[in-house]
Amino acid sequence: MLTVDEIRKDFPILSRKINGKQYAYLDNTTTTHKPLSVIKTMTDFLKKENSSVNRGVYYLSQKATARCEETREKVQRFINAKREEEVVFTKGTTEAINLVATSFGSTLKKGDEVIITEMEHHANIVPWQQVCLSQGAIFKVIPFSDSGMLDQEAFDRLLSHKTKIVAITHCSNVLGTINSIKKMVEKAHKYGAKVLIDGAQAIQHLPIDVQDLDCDFYCFSGHKLYGPTGIGILYGKYELLSMMPPYQTGGDMIDIVTFEKTTFKETPYKFEAGTSAIVEIIGLGATIDYLENIGYETITLLEVPLLEYAMSELKQIEGISIYGSAAKRAGIISFNIDGVHAHDAGTIFDDEGVALRVGHHCAQPIMTHFGIPATIRASIGFYNTKEEIDKFIIGVKKIKEFFK
Amino acid sequence: MLTVDEIRKDFPILSRKINGKQYAYLDNTTTTHKPLSVIKTMTDFLKKENSSVNRGVYYLSQKATARCEETREKVQRFINAKREEEVVFTKGTTEAINLVATSFGSTLKKGDEVIITEMEHHANIVPWQQVCLSQGAIFKVIPFSDSGMLDQEAFDRLLSHKTKIVAITHCSNVLGTINSIKKMVEKAHKYGAKVLIDGAQAIQHLPIDVQDLDCDFYCFSGHKLYGPTGIGILYGKYELLSMMPPYQTGGDMIDIVTFEKTTFKETPYKFEAGTSAIVEIIGLGATIDYLENIGYETITLLEVPLLEYAMSELKQIEGISIYGSAAKRAGIISFNIDGVHAHDAGTIFDDEGVALRVGHHCAQPIMTHFGIPATIRASIGFYNTKEEIDKFIIGVKKIKEFFK
Amino acid sequence: MSRLKKLYESTILDHNKNPRNFRVISPCSNSSHGKNPLCGDDYFVFLDIKEGIIEDISFHGSGCAISMSSGSLMTTHLKGKTVDYAYQNKDVFLKMVSKDMTSEEKKILGKLSVFEGVKDYPVRVKCAALVWRALEDALGKNKGEISTE
Amino acid sequence: MSRLKKLYESTILDHNKNPRNFRVISPCSNSSHGKNPLCGDDYFVFLDIKEGIIEDISFHGSGCAISMSSGSLMTTHLKGKTVDYAYQNKDVFLKMVSKDMTSEEKKILGKLSVFEGVKDYPVRVKCAALVWRALEDALGKNKGEISTE
């Protein structure tokens, strides 16, 4: 098994001094750092093989096309999709969800129902709200308990033959909860409803098997998976993607264009209008290689002890409110220090060399649930160390002292 | 003035041998190579400053945010927009046009008219076709003459108070024609119609001044401007962007989210849902620095003689049909060799070490106009040389010989 | 920590813990609602103006130490002053939190100059400015809503 | 150029210039329309099948030298043969243009093996394969339309 010291060599940014200060990077939920191999793959492509795809008969263009399709195959294998055609390149999770909400959502009729949960990121709320508004569909929400667990009985009550789509996050970006997706998919399918899973957070921590989950759509972003910005994935079952209308239109996704009528290519191409994010796709391929080399077992073995350590240290400090305590959870800790506004804490953490996020984390309904304006959130990646957690805990104590 | 030899040092890929062969890269219309300074800026950011934007209170996140906003300012200056808020980051030209067609297009009413031209790229045809279908608007087309000039009298006849939007390419990616945008904008505005300019090709060759053109929207892609893939720009007049509804929805573009109602931020943020293509935005900033350093005067002085030389050499060869001969044109040459299918020519060019594109170039209506299935297209960037043009001309002669 | 001590000056910490004029004036002549959705700062500013004089001023809501103490010190500073004086102080205050000041300007602000340290923390500028933006809005029109981010 | 000469074998260049069976059969028992929108190759394949025998076969349309000669040689090769033979040849042909072949397989294809050079040009495979895909489609159902890209 790779050790954290070995892994950290792939991420020199982690030990870089900024203004003479070394930061503990505990903002992995927002975005992750990229290993050198990913950066090098992108740079090498730009320096030596730069070309466009799907178009040229010349060597570099053929090669670039092949490398992009290779990434599609890698993604297919990585999430265990049945076919390559089920893997659509998007610019991120947000675009993937918008694509489904717009394209699949166009089949919604008045009175149809869409169910989401109270713990969604805005990216998995607003597109559904918008499509419900435009289609006259009804928007329903599964609540969660204070411990951060979805209310399964409420879900049972909300489900009906009117339910057309259920959109759930695999892992909450605030509470850390890992939801029981497989069970929920099973329930929804009994009513013929389709299920979209927002995997933006989960895939950083867990191996994903879309066939085992049996979900209809699964979305994630490269930049939260130790990979490039500007690229994300929409997985969709072949039968669904096949029958869905295109989303954006333009070059590379059409079959024949006349001024009277346009016909479109098959999935996945009909969803990929315009020149692809070629460099980013190739970088995502290198990211998957990197992660497969480390392996999710190692990731878990590295992350879980850090999470447990951080939690137990934090709980020993008085006057701390922690939000979310699900048994199955990722290394995401949201909390507040009594009498201290999260934003003030954030400034002091920065001063102390701890990079974390404070705010509503694009999940305002979770804030509303707890009646708070914001939380402090520390989030752990496989490259973090016990020393970094110590630094974070010292930060918490200093803040308490400062505002006492 | 910088010489081409100096400039080529910034693009080592141009002199790289691939399979022992050195290519003349004449596919700059499809995509351009990136100077080392752009690659280095992106790599340095990834290695030393990687962070997310608009969210963190810690140093790197503030810095990344500042750098992205700096690019917005650079773009504003580069195209002479009035305000920063008029510059929206998209993933490319195609997305920029889709955004306007969907968001501005939602105001179209039954019987309203949309005018495009016969020489558009599919990206500036299909989104308008789709929105006309969904809104019941009427789709009209300005034809071009065999010399590749838009029929201005036809435009005058098509324009009326029913015209709501006119979408025109600044420079044809097949014919090379540079259209008289300013005059056409003036005409359209007389009827209160808005004008979108597809600048994907033009901005590579000409300085753009959106205030002088007085167009309402202007779109372009990073990767065709010697910059990164996965990033593009939508310029829109402030008053229009302000009143337009959002396009994609999700994180970073909302004001307040409750399950009852969501309110959105102002432009440009309301159009930028999800985590931005941070690295690509920063790379685009470096691209603009690079181009401003070279200057459009130099670009013209380098490109025009090459275009003229290539044209005069080509015209001396018998049995060549050239498509498009507008007086104002960019270095884009579309042609066919009598009795040879473009696709066969493409294979031989590749063998000869000439990288160019054959096909319909995502502009099938232009193929239909000339009654041909495809063309061979050679396109010139400022880094090309006379020797590369010679290589291309030799290729043409060899192909003639081969298929005689 | 010394830069930080300059940001969280003791006066600021005190006004955060014990905000002055932290109440609703109802009815009032002018008011506005200011919020910063990013960090959740959310305040109302109330004014009672008679013949150009701010006879009473208060604020209410929730937010970070910088925004809270800014509300407390602003209301303390402006009570009984003229509307013109409020406008002038607003301009100087907003300048102070982002740029360097002349000693003359500093004199005008008096105690408010404890917020000088904010200019070293660009992301916190909007926290200090929020209540002043709301004040500006309240003075301009009679009731309103503003947002900074 | 030698790799290129292997691709554009003289038989291929000849059949491109003078395509055989380049006509419409009407009425016919089976037909299909094959196109490759990317480069504009566009062909119809027509068959007249009686009791398992391909009594007549032709093609018509436009495209590159590889697709044109492929249509010419395919129709020449299959005329008078059984449907089973056509299916078998289609499989071997499609294998040849992308993979290495055994000498036995090569024997089956006879003259068609002039297309062996195509496998060195991955982007041209679909040109050679287009009429065969259309044939497959025509044999499967009676009228059809297919697209390769």
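As written, the chains take the letters A, B, C and D, and residue 1 is the first residue of each chain.
Here, a contact is a pair of C-beta atoms (placed from the backbone, for glycine too) under 8 Å apart; a residue touches a chain by one contact, two chains touch by 3 or more.
Small disclaimer: the values here were computed from a predicted structure and weren't measured.
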#### Entry: Any chain in contact with chain C as well as chain D
A, B
### Message
Count the C-beta contact pairs for A-D and for B-D, then tell me which is higher.
### Response
B-D
## Note on the structure
At the largest C-alpha centroid distance from chain A we find chain D
### Query
Just curious, how far off is chain B from chain A if you go by their C-alpha centres, in Å?
31
### Query
Once you find the CA centre of chain B and the CA centre of chain C, what distance in Å lies between them?
47
### Between chain D and chain B, distance of the C-alpha-averaged centres to the nearest whole Å
38
### Message
Please output the residue numbers of chain C that touch at least 2 other chains, ranges allowed.
### Response
37-38, 123-124
### Query
Residues of chain B that touch two or more other chains: which are they?
55, 57, 254, 256, 343, 347, 358-359
### Summary
Chain-chain contacts, ordered by label, are A-B, A-C, A-D, B-C, B-D
### Query
In the complex formed with chain A, which residues of chain D make contact?
37-38, 122-124, 147, 149
### Task
Please give the residue numbers of chain B that touch chain C in the complex, ascending.
54-55, 57, 62, 254-256, 265
## Note on the structure
The answer for chain D against chain B in the complex is residues 1, 3-4, 7-8, 13, 37-42, 62-66, 68, 121, 123-124, 127
### Query
For chain A, which residues are in contact with chain B within the complex?
12-13, 16, 18-19, 23, 27, 30-31, 33-34, 36, 39, 42-43, 46-52, 55-61, 91-95, 97-98, 121-127, 129-130, 139, 141, 221, 223, 228-231, 248-252, 254, 256-259, 262, 273-280, 343, 346-347, 349-350, 354-359, 362, 364-365, 368
### Query
Hey, which residues of chain B end up touching chain D in the complex?
340-344, 347-348, 351, 358-360, 367, 372-374, 402-403
